[in-house]
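Pasting the structures in now, so scroll down.
In what follows, chain A forms one complex with chain B and a second complex with chain C.
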Partner chain A sequence: MATKFTAKPDELSKIDYKPPKKGWLDTPAEFKEHTFCWGAKAKNLNIVEFPNARDWSPAEEDWKLPENWQEIVLEGIKDRLGKYRSFKLFMDICVRCGACADKCHFFIGGGDPKNMPVLRAELLRSIYRKYFTASGKMLGKIAGARELTLDVLKEIWYYYYQCTECRRCSVFCPYGIDQAEITMVGRELMNLLGLNTDWISAPVANCYMKGNHLGLEPHTIINSMEFFLDDIETITGIKIKPTFNRKGAEILFVTPSGDLFADPGTYTAMGYLMLFHELGLDYTWSTYASEGGNFGLFTSNEMAKRLNAKIYAEAKRLGVKWIIGGECGHMWRVVNQYMDTWNGPADFLEEPVSPITGTIFENAKSTKMVHIAEFTADLIKNGKLKLDPGRNNHLKVTWHDSCNTARGMGILDEPRYVLRNVCNHFHEMPEDTIREKTFCCGSGTGLNASENMDLRMRGGFPRANAVKYVRNNYGVNMLANICAIDRATLKASMEYWVPDVSVCGLHELVGNALVMTGEKERTQDLRLEPLPEKEAKE
Partner chain B sequence: MSILFSFFAVIALVVAAYAGVKIANLQFLFGVIIPYIAIALFILGFIYRVLKWGSSPVPFRIPTTCGQQKSLPWLKQNKIENPSSTAGVIIRMALEVLLFRSLFRNLKTQLRDGKLVYGEAKWLWLAGLAFHWSFLIIFVRHFRLFLQNTPSFIKTIEGLDSFLQVGVPLLYMTDVVLLGTVTYLFLRRVFIPQVKYMSLAADYFPLFLILGITASGVLMRYFYKVHIVGVKELAMGLVSLNPVIPQGIGVIFYIHLFLISILLAYFPLSKLMHMGGVFLSPTRNMANNSRMVRHINPWNYPVHVHTYEEYENDFRKKMKKAGIPVEKE
Partner chain C sequence: MRLNSLLTDKKASILEKWFDVIIETYPPDTASFLKNRNNSFANPTGSTISQGIEDIFDELLRGLNREKTSQFLDDIVRIRAVQDFTPSQALSFIFPLKRIIREELAAEIAGKHLSDEILALESEIDGLALSSFDIYMKCREKIYDIKANEVKRSTFRLLQMANLINDTNGEEPDLEGSNNLKIKRGEVKK
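And now, the complex of A and B:
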């Protein structure tokens, strides 16, 4: 179907930032190979009852649009202007100062001016002006307004699937204009026309029917977990028996299904299992609510709510007291900023209290959902875990703040506290690339497909560049994070840009360091690689 | 193209005012009627725009968090950049509105030999801040024209603004700063390729307009003296709704006044509404407390979900075989 992506890193990092001579209003998008994802398939859209479902390809001239597509888009814009103050305001108040321009990883890594957040927004603003403002109607192009033509629609599609909703632009904007909000609306508009991508709509359909993005059926979840339970036994001599869909458990645990599927996420899942076992935690997994992530968020507000609803529904059915959420970026954007509003109030749950330390998680008293890094940090602070950080001595670790957890939540120091307690070698990346200024992995919001590697590697360039810096200066060889998409995508990005750096989740390192009751002398880490000789005690 | 359009639009406005007053003797039109209309358009338009924004709800609590959240008591929360209380939000907003906090973060990203370098980039922040504060101070200084007796705080401001004690009449620093910063804001639009690429006529027009207003003001104060008593009489007439047109004020005053009128009338139609909009920005004016306090979406509606029952119906056999408890045997 397509050629293989073969561009070498040194070619890709030659970036031309010079904008073209011709103005952006008159330059249609050029669909470059390896920069976009395949179109959504009819069967997946039909599963979730989405309109205008059909098989289509962005690469083809004919997108098989419904006849009244313009009307649908304009009606869709109008509807959303009335529903979201953010959208309406962000259509109006941008002064185009350009502070956001060189903050976007796609612009930094690609140089395409339409990937400056301001211009990405202007693509939609130009339509808004033309049809919804007096000046745009009267002055047209002079006011930056233009007709909604097929070319313009395609351009919006192209660039709104080149934004990972990472909110970095919004940190620097003097009015807090958040391209994520605008991209969300833009993608909703595309979904009115059946123009989702396959890489997003298939996981959405899977998640809807089977409970998780990967489409793991209940027995498969158990089967795949058996593999790492065996590995844990090999490493520690301890056989762990987690429970599934168990009524009456105190805690429901929900994590992205990516953790159950492919490494290095699976090592993180092993870390969870070991930690909970060691604590004797009364908790259960669910096969119905077996997805913490939410590709619905990259589709539409309604779809995100529909997928997210399972978590509270399952917590209610099982009669648990509260919920712990695993390591995932956009999952936590959802839990922190949307879940309670959509599907709350969770009045059938109790205010979360750690059964081990007695700590009341006041910051989660309404959602009743606690982040595992908060949970583990509290355990360590209260001295409830026996840790041997020396078991991670072969790793020189740096910390990647995920965009959603950094800028849509602010969980920055909990994981760092855990990290400092479970490993001895931790080096921060340069300050302009971490915490609220952190860079996206380059493949979030469902852009982690295989057909858009050019885009992904460009988008991952700024993050990789900062990793390279700590690799060169401190010998860093491990990039730790709390996001399943990061674990999947940074792996590819590191292999491409900084080949000798691996990627891991926080709880993989916890699992390595955790001294478990009755464990045998460990000789391997969770990857079944030999542990380094323990350094001589001082 | 958009530069020239905006430039000539402002020139045309200057010419219109000049011709209107000097040739057609339309002092009443330019000195009274147009200012009244402009003020009405400004006030009504501003209110309309803000109400229109306000009429759309804020369905979700979406602050951009720029620091450590409130979580465990022993972890230090960044109460301003990631506020969880109203007080924190007020301080965050105050820093944003008064000191342009977010713009202060600005960085310049550069690619050097395949490496990305992030440098300080405070000029936009500095110029933006100096521009807005100078504009405000000049605006406040003009109150002396609308009040019978000049209040002491205006005299204080004037005193501070002219503390260099240069020239006759004394040079106001804000005049120089405003001219300088508007020029800077214009030049960066022309010389930074990316900023030029994104700029519209709607970006150049207000700059030229403000440049025209400032220049005419400066000319009036320092070079072509106008009949200041007449100006005050006219201004007092406007505010007391007893408009008068004193003789011999000088045409440059009418140009100044006309450009201000255009700015006022144009304001609610334009990006200049960021002045009102910044206060309403949901990524800045909300506390990050949605795990503690449930945020209500007024249009939240029930959605179609795939229930557990349906799920179990799909997979009951497999679940039982795998030893997973089921509701219906």
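And now, the complex of A and C:
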């Protein structure tokens, strides 16, 4: 089924430059290599009791669907139309004005018209019309309705795993239609048929069983942290001793497990450790609530709720007062938009108050979870940190607003405020590519696998194009952000599009600039690379 | 160099036609979007192609500077190498330039005995196509490098923890002791 790039010699001489002019309803999805992720494995779906678990491959003709798959999908749509008013509204109100059409990074970078958000939504709307509206039932194709055939099902699957739920399109929609929520429902429907991806379902199973996406067990997490602590000692001369699973700590700290294992997230984790040590914060890490991310969000509402609940269960078990959350993307979409409905209010915790500045974080009154960028910005604003931004002088930094924190919860100025205090060279990318209009990294919502690398590069192109601009004009060499998926995937995107730009988290830069009590004179940054002025002195 | 001055005169219309032909390799709905080149950040593909072919054309007029031309070609090829094209489709954007120039200068070519100059120019264009092939391959190889690097990054720490990597270059990994893992994380990045 998947197309391979193999043209025969006689075909090579007959290149038809123009693509066929057929309507989208009549153009079935062609599964191209390097654009889709591998199918979910039965064992991972079974762990969380997802239905229709089996090993399957999107590249095969036979998806081994249950016999009544149509019935399952249509029942699923009916159920969700009843449950979610937003979904019903989004199925009905689009007037196809086209404002969203050219706002999706996959469409802009890839050029496939079915990646226009309006068209992506129409893939599902056409089914909704056919089976749930009078006009669609009577008029069929004229009313934009169509049968739910196997080709249509595959088409929905293909394109709903080409949406990162970044919500850029919704910023431009005059009706505020949120394509992310349509994609979520589309993926839930696929999930009913066991049609998830391996890259998503394996982390979900791991998180459910072990507490984090990577499946790291407690001793592994602690062992991993030892490496950071050794490096911090090498750099600062200070031996930090964080605590794990400590009952009675004031604060629980939760961050994505990617920060513990994948560079450059690991340098960000070192930044957290150094900051909390310097503050003398009464906090603890947990080896059970060891994942800020929530890949459950990319499977179903219920699964996301189950994974989110683990963080709060651990907070209760440890008896902490409140929670600080690290630099993660979709973790914050979950906390800010869904947690309170699912598992809130977290009444057993206290309203977060910074023990250092006394600031009350009223925005976290119900979830009791404070974003570390807000926490650190508050520290700086109150003059509680001694900073030497010159230690980041070798870096010319630009800021990537992560979709989830920027559009999902409005964290726009806090990280910029921190950045301006911890480094001397900060240059914004062009206006239409930042803040609420920020471009996605191109690999969110569990699309950060390797097998779909072409898709990721297409999706990452608009962001990379803006980075290239500040690289060319201001010599920018560092792309900072507050999302673990960004840190992992922008690295790949930069490697392809703008090879001389590196990627870092905000607290890596904080860690570099932070002047710690009793530290030795620093000669290295958190990557153990020589600080530029020290190099010059030698 | 009579041909050069003719090409300079016709530059705008040649580029316009060349751009249109390239854009028509995309689906019609996409093509209408790509043609709007007002904002290079909203439409990086269209803008990059538009700028790229102008730069390439200017180089052709000046006499090709290989390094510069290669960069201009790279800007376009890098995009098409990850889009929905076969390799031949991805690089098909070079060849129509020959046809467009012949069409644009049909009368002049017939009347002014320019066949030698045209032949030389078309050979240069063929050369561009060959360079593009090199660039295309580099792009695809880069994609595989990136995939491999991602796997390395994700497994490095696991190997490190299993004590299968240490910093004694050329020596056997120390499988006995577990506390002598003083290595720098950057060491296996590349």
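The rule we apply is simple: the second predicted complex is superposed on the first by the 513 of 538 C-alpha atoms of A that agree within 3 Å, B and C clash if a C-alpha of one lies under 4 Å from a C-alpha of the other, contacts with A are read in each partner's own complex, and residues count from 1 in each chain.
Throughout what follows, contacts are C-beta pairs under 8 Å (C-beta built on N, C-alpha and C of every residue); 3 or more make two chains touch, one makes a residue touch a chain.
Only a predicted model underlies this, so the values are computations on that prediction, with no experimental measurement involved.
Peer 1: In the superposition on chain A, see if there is space for chain B and chain C together, and answer fit or clash.
Peer 2: They clash.
Peer 1: Which partner does A:N382 reach: the first (chain B), the second (chain C), both, or neither?
Peer 2: In the superposition, A:N382 touches no partner, neither chain B nor chain C.
Peer 1: Mind working out whether A:L89 is in touch with chain B, chain C, both or neither, as first, second, both or neither?
Peer 2: Only chain B is touched by A:L89; chain C is not.
Peer 1: Looking at A:N68, would you say it contacts chain B, chain C, both, or neither? Reply first, second, both or neither.
Peer 2: In the superposition, A:N68 contacts neither chain B nor chain C.
Peer 1: For A:Y496, select first, second, both or neither according to whether it touches chain B, chain C, the two together, or no partner.
Peer 2: second
Peer 1: Counting residues of chain A touched by each partner, does chain B or chain C come out ahead?
Peer 2: After superposition, B is the partner touching more of chain A.
Peer 1: Please indicate which partner A:G110 is in contact with in the superposed arrangement: first for chain B, second for chain C, both, or neither.
Peer 2: Touch partner of A:G110: chain C, not chain B.
Peer 1: If you stack the two complexes on chain A, which partner ends up touching A:D432: first (chain B), second (chain C), both, or neither?
Peer 2: Both partners, chain B and chain C.
Peer 1: Between chain B (first) and chain C (second), which, if any, makes contact with A:I222: first, second, both or neither?
Peer 2: first
Peer 1: Tell me which of 5-13, 59-67, 95-103 or 113-121 in chain B produces the clash with chain C after alignment on chain A.
Peer 2: The listed stretch with clashing C-alpha atoms is 113-121.
Peer 1: Hey, what residues of chain A end up touching chain B and chain C alike?
Peer 2: The answer is residues 15, 17-19, 101-102, 108, 113, 116, 223, 430, 432-433, 461-462, 465-466, 469 of chain A.
Peer 1: Residues of chain C touching chain A in their complex?
Peer 2: Per the touch definition, chain C meets chain A at residues 21, 24-30, 33-34, 39-45, 48, 78-79, 82-84, 86-89, 92, 96, 139, 142-143, 145-147, 149-151, 153-154, 157-158, 160-161, 181-182, 184-186, 189.
Peer 1: Considering only the defined contacts, which chain A positions touch chain B in the complex?
Peer 2: These residues of chain A touch chain B: 10, 13, 15, 17-19, 23-24, 49, 81-89, 92-99, 101-103, 108, 113, 116, 118-119, 122, 134-135, 139, 142-144, 167, 170-178, 181, 208-211, 217-219, 222-223, 244-247, 287-288, 301-302, 305-306, 309-310, 313-314, 317, 335-338, 340-342, 344-345, 359, 361-367, 369, 374, 377-378, 381, 406-414, 417, 430, 432-433, 435-437, 461-462, 465-466, 468-469.
Peer 1: Which chain B residues qualify as touching chain A in the complex?
Peer 2: 2, 5, 49, 52-62, 64-72, 74-76, 78, 81-82, 84, 96, 100, 102-103, 105-109, 111, 114-116, 118, 124, 128, 192-203, 269-271, 273-274, 277-278, 280-284, 288, 290-297, 299-300, 303-308, 311-312, 314-315, 318-319, 321-325
Peer 1: Please output the residues of chain A touching chain C within their complex, sorted ascending.
Peer 2: Residue positions touching the partner: 5, 7, 12, 15, 17-19, 21, 32, 34, 101-102, 107-113, 116, 220, 223-224, 227, 230-231, 261-263, 266, 430, 432-433, 450, 453-454, 457-458, 461-462, 465-466, 469, 488, 492, 495-497, 527-529.
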